[in-house]
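In the part that follows, the structures are each spelled out as structure tokens.
The following pair of complexes shares a single chain, chain A, combined with chain B in the former and chain C in the latter.
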Partner chain A sequence: MSRILKFRVSTMLLGVLFAAAFMLTTAFSPSAQAKPIKVGFSMALTGALAGGGKQALEAMKIWRDDINSKGGMIGRQVELVYYDDQTNPKNVPGIYAKLLDVDKVDFIVSGYGTNLIAPAMPVAIDRDVVFMGLFGMNNNKKWKYDKYFQILPAGPDPAVGFSYNWFEALKTFKPKTIALLSADAEFARNLKEGAVKNAKAMGLKIVYNENYPPKTADFTPIVRAVNAKKPDVFYIASYPNGSAGLVRALAEVGTEAKAVGGGMVGLQFSGLMAGLGPNLNGILNYDFYVPEPTMALYPGATELIAKYQNKVKTEGLKTDALGYYLVPWAYAYLDVLGQAVNAVGKIDHEAIAKYIHATEFTSVVGKIKFTELGEWSETRTIVVQYQNIKNNDLQQFARPGTRKIMYPLDIKTGTPQTYNSLR
Partner chain B sequence: MEFLELLINALIAGILLGGFFAALSIGLSICFGLLDAVNIAHPTIIVGAAFCTFLLNDLLGIDPIVAGLILTPVFFLFGMGIYSLYYQFFERQSAEALRGLAFFFGLLFIAEVVMIMIFGVDHRLVSAPYIGESFTAVVTGMTFSVPYRLLAAFVIAGLMTLGISYYLSSSYFGRATSAVHQDMMALSLMGADPVMIKRIAFALGLATCGLAGALMIIVIPIEPAVGRFFIGNVFAIVVLGGLGSIPGTLVGALILGIAESLVSTFFGPSWAPAVSFGILLGVLAFKPTGLFGTGDTR
Partner chain C sequence: MLQRYRFEIGCVVALLACFLITQVELNRFYYFAGFAILQYVLISTAWNILGGYGGYINFGTAGFLGLGTYVAIAMIQWYGAGIIEQIIVAGALAGLLGLGIGYITLRLKGVYFAIATLAIAIVLETFVNNWDYVGGAAGVSILPPRTPELLGITIVDRKGGGIFYNNKEWLFFLMGALAIASVWIARTIEFGKLGRGLNAIKDNEEAAECMGVPTLKLKLIATVISGALMGVAGAVFPSYLTFVDPPTAFNLEFAVNSLAMPMIGGTFTWIGPVVGSILLGTVQQVAIVTISSEINLLIIGLLLVIFVTIAPHGIVGWFMKKNK
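Our next item is the complex of A and B:
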């Protein structure tokens, strides 16, 4: 055999070897071995609830990076596929249909809040897939869908459970009458319905019970109308714009009600906390996580929030700078899904739903157990009172003392004081 | 006595709220009422001015109203630019009706996206000594309170109405603007440049956004999409007052403000929008040109 022929044969052999090696390595590499698992969702990235939606999204990205660094779900990397629902429920069904039909996602989870979960429910039920919800209030009451689970810690009857602790906290004032006001939207109305039940159970006389249109610009006439009824306490279920408007109207007009607040969404957002500053003093409101020393019942939450705050700072993200309100919960609802999928070991929605129903999970928001309707088995809403707020500096809200916990008693860091005594 | 106190307070609140609505609507009254430009982006441009006010207040500590005054000439120039685009691509080609509307829709979305990119989606507020405080007076045992932030909105809206009305009725450009509204061809035959007059009038309409934005962030928290809340209100006020009538816009705004306040106080806030728009429909049924509108004379 000539040297040239030898060279040609050996070159060909080498080529064949390289090709075989390439095929083997690509065939058994993790990326080729399995496509990424896609988790799809809509999120309020613009519109009235974007302040919450943006921080939820960043928390979800942190979870994605965490789980991928640990090998992903059932050995496959996780990819998030999401679209902006503009805080508009009308956009939601189309987004979920696209996620399932065009993007071919493996799992769907909800956007932020009751009003944006509700329109996605029929799509999830129609496709018979597991559907994790983020801060949903009674979304499954009508459907009784066995694959729906949500992460609002408001107990088995969330409408009642959400405000239960608020009513427990204000027992110290021995109230006899109550005024109730809510935004004219599904979540807020549900919240107020639950508050009415709690008020009746406590024997309170309802002297005012109204809804306000979400586009209301001036709340002073409403506050005056409430004051005219002379309620001992004033329960408010509002959205961010209304919450800010009411806080200011209360500061300007004043009130003799001993406790004011309850279900005011938005007062937990950095922008509104800093903007409203001392006007917040005295408001008694719900929350889920505050930087008080007794919040150690959520192991890992402090580290997660620190990671989020660092991410916002280093990446220059234009989103909530503190992230106390939603970050642990947005992380947890994906964490529960991830734990369940890994435990079942395959993408089998029936088996995953059964596993979630049967299991008590541990995540950054502590222990989680779901009821038959996918609600939390226990209420863990906390009641905080805004105190000692001296100016509009955001950093004061990152330290203990400005949002003291009034209830539950085992983690309380303060005693409720009347609204006017803190003004 | 208690009822009377509630009634007077509701009237005061309604008048002040009407002032705020007027401040948001006066610029649109010029653009839509006098120039037929369906500027649906008007409330969003006001939000843009509100964000600029926020920046000036937050970074430099400038009072929001002073910031609004500083922004007014800036928005005048912005208005000149926008009208030049609008004229070049739509009005000159007689395509201002539907395509012009699409232009302003596009402007609305672009403005929102730009604000999201620059400021993010969080709610923003400003601080000033008069925000969250009110003037309180006790008269014959009745307590009346006037929130300073709404009083500021009312006073500024009143001054803007007076100033613009005076300008339109007394100055050459003002009278020419009214003439453009009535007969553009006749105006050009008299040697005036109708395009330049419309450009200045449109810019004046957008200049009001500077102060209106300052008032908006004084009264409510803002986020990039909050302008959409007010699209219905501002158009309703301009139509109610009568197209082209600046004092009519103020009166229309006061009527809606008082109606909203009285209904909220005595019948429940959920009825307020229905009553306000019921008034609009009622007025249009009996006077299709609006309260002070003289009808289209072209």
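Our next item is the complex of A and C:
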């Protein structure tokens, strides 16, 4: 009898011990203690930049899932908190105030593009927090904020660095004269100003230098006016609608310029590439990532893009089907933040900013080192030429050979040819 | 005695409330949202002076507002002007623009007048796009002073030595004061000779002219006051946003909202635009951070359609009819 009682007491004691142990381990395990780390941002999910914004958001979600599967940031899961800024800078300060004060996010990162980074800068400065930017040009020139870092790979002087490689690539044509055209808008005008400096440095004579209103629909008169000046090369800085209009006008009117393009935003988007099809042949333009074999220098980028393309297909997302333009960069600017936070080991914005300044990061866009103003320490824009485009099938742009790399030389997959030789 | 000055006492109480709100250290988001709503009170009240009382539909709100914004920017760029100077000069120049534009366009009526006013915003935006001194098409970042002073008094000091702890609290109070002042002006006009004359113009301009109402003069005065108030609303914008580009300052959204808010609240009285802008402004602010922006715009459109069809005299008109 007493043995049975002893056994029962021992079993009960063991049960209590197990329960206590379980409760203690649960109570002190990091996952139970730690709330998720919130990363807040505004993103252009509607409005003019929605094409890029939606693409960026999906890449950011992939990063969140990736980092969470590896244990999160300093052992805490990561949660993204975001609102649609409607591509309207007016909405941005209020959104960031809500993120910081109501949602109590731990970190803020920017939305997509220079104009939507600018109104968030004072909020970040006011709160003295690390602020990662996605494709901003010279946003920190005026503020000189020590906790701002951005991912556009255009070098320490982005306006000049953006077109530097384009001018290097066209040296093969030995040009003497140049025509420059830009949309009458912020980013494009910055690009053209940088291109003017590069053209002067190269000793080119500027025969045409004009801006066009952003809402221009018919570009044939502009192309004819440029042709009348007989430039050897034609630099264009344009936004997506203008880029498409200019490509069509060039196809219709033609040009004797040996190289055409440079800073045409939008030609990297799947919708425009498929829509313009063979009209793109011969255009020499900037890009950041193309499916050429030499781009393997970016570790993990191919896998990331494959993951993104699969996500778009399986989830039926209405966003860029290929994602070459923005996906690696939207992933990388969060990856840099994640790496820095994990290295510092705590949420200390001062220490994290110092770490980012002092460190060379390796991410899906290769090695990244930031300058004092948070720009890239070296330009990494690539120059591609559209070649061999036969029809309007989107899948041809997912294969090597349609956007061959002309510059930098160490990853080149082709040699620049004159615009008309490829028509 | 108190009954007679009920409205003025209400204005003072509202101003005090604005001040007290800044002293309770709310989440800064509420100051941002509150600023946006109060700015719409000012803009829609200004629009209503000509559009509501006089019946002249003005689509040029963004033009006057943008002018105020860029006058303020030019003054900051020129000599770092203080915000009160910016407001005064921007209001004066926007009023002058109203006089000039009014003289040219007020002979037009209906849709022709609306189109003419819409063109103002386009012309001014194109001008600013090519004026590099104020940032041109690239836009401009404004660095607000960290400890602004007014008549030797420190207004904002983060260390607690000023009236306000933060710039956003100061701007919220300032916008509150300007909105209250605009409502006071609108009410004074409504119950004065100008308001009665504008009402006569709205009902039948030819008949009013025949009865001796100086129609052009009254319309010009209304355009000047309306334009000046819109310019004042724009002058505070650079300090609030700290980055302004032409598409933001001359956004057509201002024209749509300044028209929709009085329509929803009621255009025939001063309280209509106040009710409309508080309602619609709050819905917009909540919608931006809760639901998709497409639905946000849909809500505004639906509200406008519903009120125009069910309550053509707005919320205030609907309540007045119900209480009769």
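The rule is simple: the second predicted complex is superposed on the first by the 391 of 423 C-alpha atoms of A that agree within 3 Å, B and C clash if a C-alpha of one lies under 4 Å from a C-alpha of the other, contacts with A are read in each partner's own complex, and residues count from 1 in each chain.
Following the convention adopted for this analysis, contacts are C-beta pairs under 8 Å (C-beta built on N, C-alpha and C of every residue); 3 or more make two chains touch, one makes a residue touch a chain.
A quick note: this is a predicted structure, and the numbers were derived from the prediction, not measured.
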- Message: Under the stated touch criterion, which partner chain does A:G271 make contact with: chain B (first), chain C (second), both, or neither?
- Response: first
- Please indicate which partner A:P291 is in contact with in the superposed arrangement: first for chain B, second for chain C, both, or neither. neither
- Touching partner for A:N190 - first (chain B), second (chain C), both, neither: second
- Query: What is the contact status of A:K98 with respect to chain B (first) and chain C (second): first, second, both, or neither?
  - Reply: second
- Message: Let me test your reading of the model: by the given contact rule, A:G414 touches which partner, first (chain B), second (chain C), both or neither?
- Response: neither
- Of the two partners chain B and chain C, indicate the one touching more residues belonging to chain A. B
- Query: What is the contact status of A:K142 with respect to chain B (first) and chain C (second): first, second, both, or neither?
  - Reply: second
- Query: Given the touch rule stated above, what does A:P89 touch, chain B (first), chain C (second), both, or neither?
  - Reply: second
- Message: Just checking: does A:L45 make contact with chain B only, chain C only, both, or neither of them? Give me first, second, both or neither.
- Response: both
- Message: By the touch definition at the top of the document, which applies to A:P122: first (chain B), second (chain C), both, or neither?
- Response: second
- Intersection of chain A residues contacting chain B with those contacting chain C? 45-47, 86, 184, 211, 213
- Message: Looking at the complex, which residues from chain B come into contact with chain A?
- Response: 2, 6, 9-10, 13-14, 16-17, 20-21, 112, 116-127, 131-134, 145, 147, 149-150, 219-221, 223-226, 229-230, 233, 260-262, 264-266, 268-270, 272-273
- Note on the structure: chain C residues touching chain A in their complex are 27-29, 31-33, 36, 126, 129-130, 136-139, 141, 143-144, 168, 240-245, 248, 251, 253, 285, 288-289, 292-294
- Note on the structure: Residue positions on chain A within touch of chain C in the complex are 45-47, 83-84, 86, 88-91, 93-95, 97-98, 100-102, 115, 118-119, 121-122, 142-143, 184-186, 189-190, 211, 213
- Query: Which part of chain A faces chain B closely enough to touch in the complex?
  - Reply: 45-48, 50-51, 53-54, 86-87, 184, 210-218, 220-222, 224-225, 228, 240-241, 244-245, 248-249, 251-254, 266, 269-272, 274-279, 317-320, 392
